[in-house]
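Right after this note come the structures.
Next come two complexes, and both contain chain A; in the first it sits with chain B, in the second with chain C.
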Partner chain A sequence: MVTGAEGRANRIAIWALALAGLAVIYAPPFYLVAISLNPALQPGLPSLSDLSLTWYARLAHERGLVAALRQSAGVATITAVLATLLSLLAALAYQEMRRARSAWFLAMLLPMFVPGVIQGLALSVIFTRLHLRPSMLTVAAGHLLWAMPFAFIVILTSLGAVRGSFLMAAADLGAGWWRRFRDVILPLIRPGLVSAFLFAFLLSLNEFARAFYLVGRQNTLPIEMFGKMNAGASPTIYALSGAIFLVSMLCVGLVMLRRRGTGSQAG
Partner chain B sequence: MPRLLLIVLLPVLAVLVLGVAPLLTVTTWSFWTWDPATYWIRPEPSLAGYGAILEAGRWTVLADTLGKGLLAALLCLLLAYPLTYAIHFLSGPRLALLLLAAITIPFFTSSLIRAFSWRLVLGRTGPVNAFLQELGLVARPLDWLLFSDFAVMVGLVASYMPFAAFPLLLSLRRVEPSYLAAAQDLGAGFWRIVRTIILPLTLPGAFAGFLFVLVMVIGSSTEVQMLGGAGASIVSVMVNDVMRVANFPLAFAISTVVLVVLLALVLAGNRAFRLARLFEDPSW
Partner chain C sequence: MAIEIRIEGLTRDFGPVRALDDVSLEIAAGEFFTLLGSSGSGKSTLLKMLGGFDRPDRGRILFDGQDVTLLPANRRPANTVFQDLALFPHMSVAQNVAYGLRVQGIGRREQERRVGEALALVELADFGGRNVNLLSGGQRQRVALARALVMEPGILLLDEPLTGLDERLREQMRDEFGRLHQRTGATFILVTHNQDEALTLSDRMAIMHRGRIEQTDAPPRFFDAPANAFVARFVGIDALLVPEGIEAGGAAAVVAGQRLPVAGRAVPGALVALRPDRLALAPQGEGDAPLVLRIAEIQFRGLHSDIRARFDDGQGLVVRAPVDIAARLAPGDPLHLWVQPGGAVLVAPHAPSAR
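Take a look at the complex of A and B:
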């Protein structure tokens, strides 16, 4: 704490445990990234002189993975567009509510806790009964409620930058609801919308359990990868896993840096 | 309030059509009868699906899932407390932001890839075994490190620890700094402050974090699929196995039991600790 009551020994112990916690999360994926730079067929840490992007170059030739990546990108785009729009509406509704707020918040958050396997199974059985063919849309239908709670929280947070006084001033000057939304709210929450879109995109791109039941002939990337991971050693899977992990990490990192810039304005 | 109705319409529709309706349908179907002629179910009431849960040791998987969830939640809290304490009390603004990013990133990276990477780390020729042999602690590679309950637990903690860290951090931020200063002025040592002020005031966050991890583990499947041994199961994997032989009534019955348990946990948690209020803090 600011007062430094911990004492030196305790502070060291706390930092050690904190770093252990982070290592549990990050050490294995970074080890995987390191392995992916090893040109040898057997997984192992490469020596510094051996670093190579061989396996990354090979990725372009893996037809199955490329097709799956394309499918996943499509699903993730649909999911992200819908999740951002619906979450924006949900967040605006939250702002206008008084007593129903907590219930509304809970209703928007609850889908996050539905197990992926059960959500995917339920939707797929119903889609089959309705004779809906599996497609990007059916997978996106499964991903939407998984991505929405996160997008909702992000947009709700960014709405904190919209002070009541701004809206009152606009209303006093004769702006109607739509005008207040377009000219006051929207510019202030634009970074939040971008973050929500990116987060929803990543959640969909990396989702496995729901898609498992909802894909048709064309697998999404995680499902294709799951097959390869269990099919025995092909180091391209290390390269792809490493690349996806790093890109996801980078996206979230950038979003958080940007949010800091806008967060300080919000005070 | 027609405007509010208009705004609410689409999100409500999405939740109803894609969430509530399919899950309620499955719940209803869990009480129907299996029809071997059509390979589907017909609307005659039956509890056969629920009866089958009690057979073939399936209920032990349910109990085991709950056990895994409780243990993982406890371990996650033990790791998340020092981490969030370090973020809130020991870090400057820059470092705090970096660490905040570090606990945010896992939500948006693939749990499949992260579980897979543990496979490489814990394997017979992986770095952990190599290190232990180097130190002379073990003569030959430990086999129980991978494809075991141990590996699954490690994977679960790594996957869901951020779910414990977030509510904990939010509740730490609400600890009034003047209480800590006052305690210190009155001569309380660090552990006394932790025990009498920080722990009680962050209890709602700790319970919320515990609940989140528990709920996520109950719904998890990837970690067991990637890291579990032969015959290892968890309730979602059991549903997959049951579906492989198209046993719809049983799959629906298991799903219903899980959904009811999860809903009860989240609603009870919400009532007791006002989960919603914890997140209604716009400062993050």
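Take a look at the complex of A and C:
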């Protein structure tokens, strides 16, 4: 048995370690958010009285950034839609498989472990060979490879909620395959589908390496921002970073909330 | 309308394991039929095939004379209460019960009427709007029953529906099955490993073992004339004695030098089964001679005592005796055992399954 004093000391140490870890992870982005609120041209922590949204207001006038943002949002939407749909099919196929299961699982996950630079380069070579002009779609193709393994895992996990006997019961009551899918599988995995969509969207939005090889004339946001940084950063970059960070947090928070909600709700 | 079932030579292999081995069976329309067996006996596999969830490697299944062997579950006039109930967690009680009707495209008003009736039948009339995840075990059980019965099936399949319920609820639901069988008139097929359920509810039952049916009969017949040593042991007749000989005509057998009148047919290698409920420690009538054994051990069991006794040739048996009587006996004493008429039956030895 651990004595009370020992237990308390341990607990304090563990909490301290956890908080330090969290600080290391979250301090930089929050610092970024903080300097985005500084109206001065030089980056630095603003004093509380100086807080201003100047750079956020200026964002709308940055043509290049706005166009890049629009491009990224488009790519992310295409990626998220396709990743969710294809992963759903892949996960359903996995469920039907017996012997090929582990091979299929590996095949779906492997793209996750291929370095983005290599994947981007490979795709770009092939697209050039096929005379496909780089565009929103070529970037989305690269991002699909990146986002799909994640979406696949999320959806596969959510399929765990669909017990085999539910499907047997539905069949027993007269439902054919399509009705079983629509009436039983779909409602039970909906939270998983939403999560998969949001994950894929965010992964695409933040991706740099693959996009770098595959973009056409219009840069995606991370590439545009990288270029801006090299060219001497305007503080609007910090504002945009801050905005994206906050929106991302919001999305993930939403997913978590939904997750928690599904446990108790019916219908 | 109740449906008559005919099963012909059903065989199913799972890899090297033969789950069903040439099973044939006829079940009359409206009968309450039970498949009884321990786990791995093939009873659940057989039920799955009746429901249309699995296909046999060989053999046929006929409903009212029509071959349904290849008909998928969603097109069979049979409904199932699953072992884990399989209530849809994202639907309310009423939505669960209405699901089959909804799939059939039956109108909303008709749906509501029939769901109401089905819920009333299982005494859950006011539960329609409830969340199925928050019901008690017995209530969930009733919802599953209502969901199957609302389809007015010709055959209701019950897959170990009472496992997982506590004893009191188990008895209550068991009586419910009997009542619903009478009310609906459908052919009920129950799969269970619980002998009590089987004996109480069934018109007829089959004892299964290793993919084969050992005996199909009305419940009392399993005690009057067990088909073989396995069946006898399964229903609790543990005293199986090897006779030295059987008199010509088969009216009596000789066990350890003592003559014992027996019922049943003398087949080669037949054993003498002694029904524990037809053994007495005192004379029952004029002039019948007791078997004489020697007591080896007496075990106190609470409301009775078990007396372990042996014949001269070493064969033994256990007799249940009132505690007071057992207290007057001691190991080494002789034990006099009167066998009542029908208490000793010749049974076939258990043939190793032909494989």
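In this section, the second predicted complex is superposed on the first by the 255 of 267 C-alpha atoms of A that agree within 3 Å, B and C clash if a C-alpha of one lies under 4 Å from a C-alpha of the other, contacts with A are read in each partner's own complex, and residues count from 1 in each chain.
Definition applied: a contact is a pair of C-beta atoms (placed from the backbone, for glycine too) under 8 Å apart; a residue touches a chain by one contact, two chains touch by 3 or more.
It should be emphasised that the depicted structure is a prediction, and the values quoted were computed from it without experimental measurement.
Undergrad: Identify the partner contact of A:10: answer first if only chain B is touched, second if only chain C is, both if each is, neither if none is.
TA: first
Undergrad: Touching A:163, do we find chain B (first), chain C (second), both, or neither?
TA: second
Undergrad: Looking at A:50, would you say it contacts chain B, chain C, both, or neither? Reply first, second, both or neither.
TA: Once the two structures are laid over each other on A, A:50 reaches no partner at all.
Undergrad: Which partner, once the models are overlaid, touches more of chain A's residues, chain C or chain B?
TA: More residues of chain A are touched by B.
Undergrad: Looking at chain A, which of its residues have contacts with both chain B and chain C?
TA: Overlap of chain B and chain C footprints on chain A: residues 266.
Undergrad: Which of the residues in chain A come into contact with chain B in the complex?
TA: 1-3, 5-7, 10-11, 13-15, 17-18, 20-22, 24-29, 31-32, 35, 42-45, 82, 85-87, 89-90, 92-93, 96-97, 101-102, 105-111, 113-119, 121-123, 125-126, 141-142, 144-145, 148, 150, 153, 156-157, 159-160, 177, 199, 202-203, 206, 208-209, 212, 222, 225-226, 229, 238, 241, 244-245, 248-249, 251-253, 256-257, 260, 266
Undergrad: Please name which positions on chain B make contact with chain A in the complex.
TA: 1, 3-4, 7-8, 10-11, 14-15, 18-19, 21-23, 25-26, 29, 79-80, 82-83, 85-87, 89-90, 97, 99-114, 116-121, 125, 127, 154, 157-158, 161-162, 165, 177, 180-181, 184, 188-191, 193, 215-216, 218-222, 225-226, 235-237, 239-240, 243, 248, 251, 255, 258-259, 262-263, 266, 270, 274-277, 279-280, 282-284
Undergrad: In their complex, what parts of chain C are in touch with chain A?
TA: Residues in contact with chain A: 51-53, 72-75, 78-80, 82-84, 86-92, 95, 99-100, 103-104, 131-133, 147-148, 151.
Undergrad: If you look only at chain A, which of its residues touch chain C in the complex?
TA: Residues 161, 163, 165-166, 168-176, 179, 183-184, 187-188, 266-267 of chain A touch chain C in their complex.
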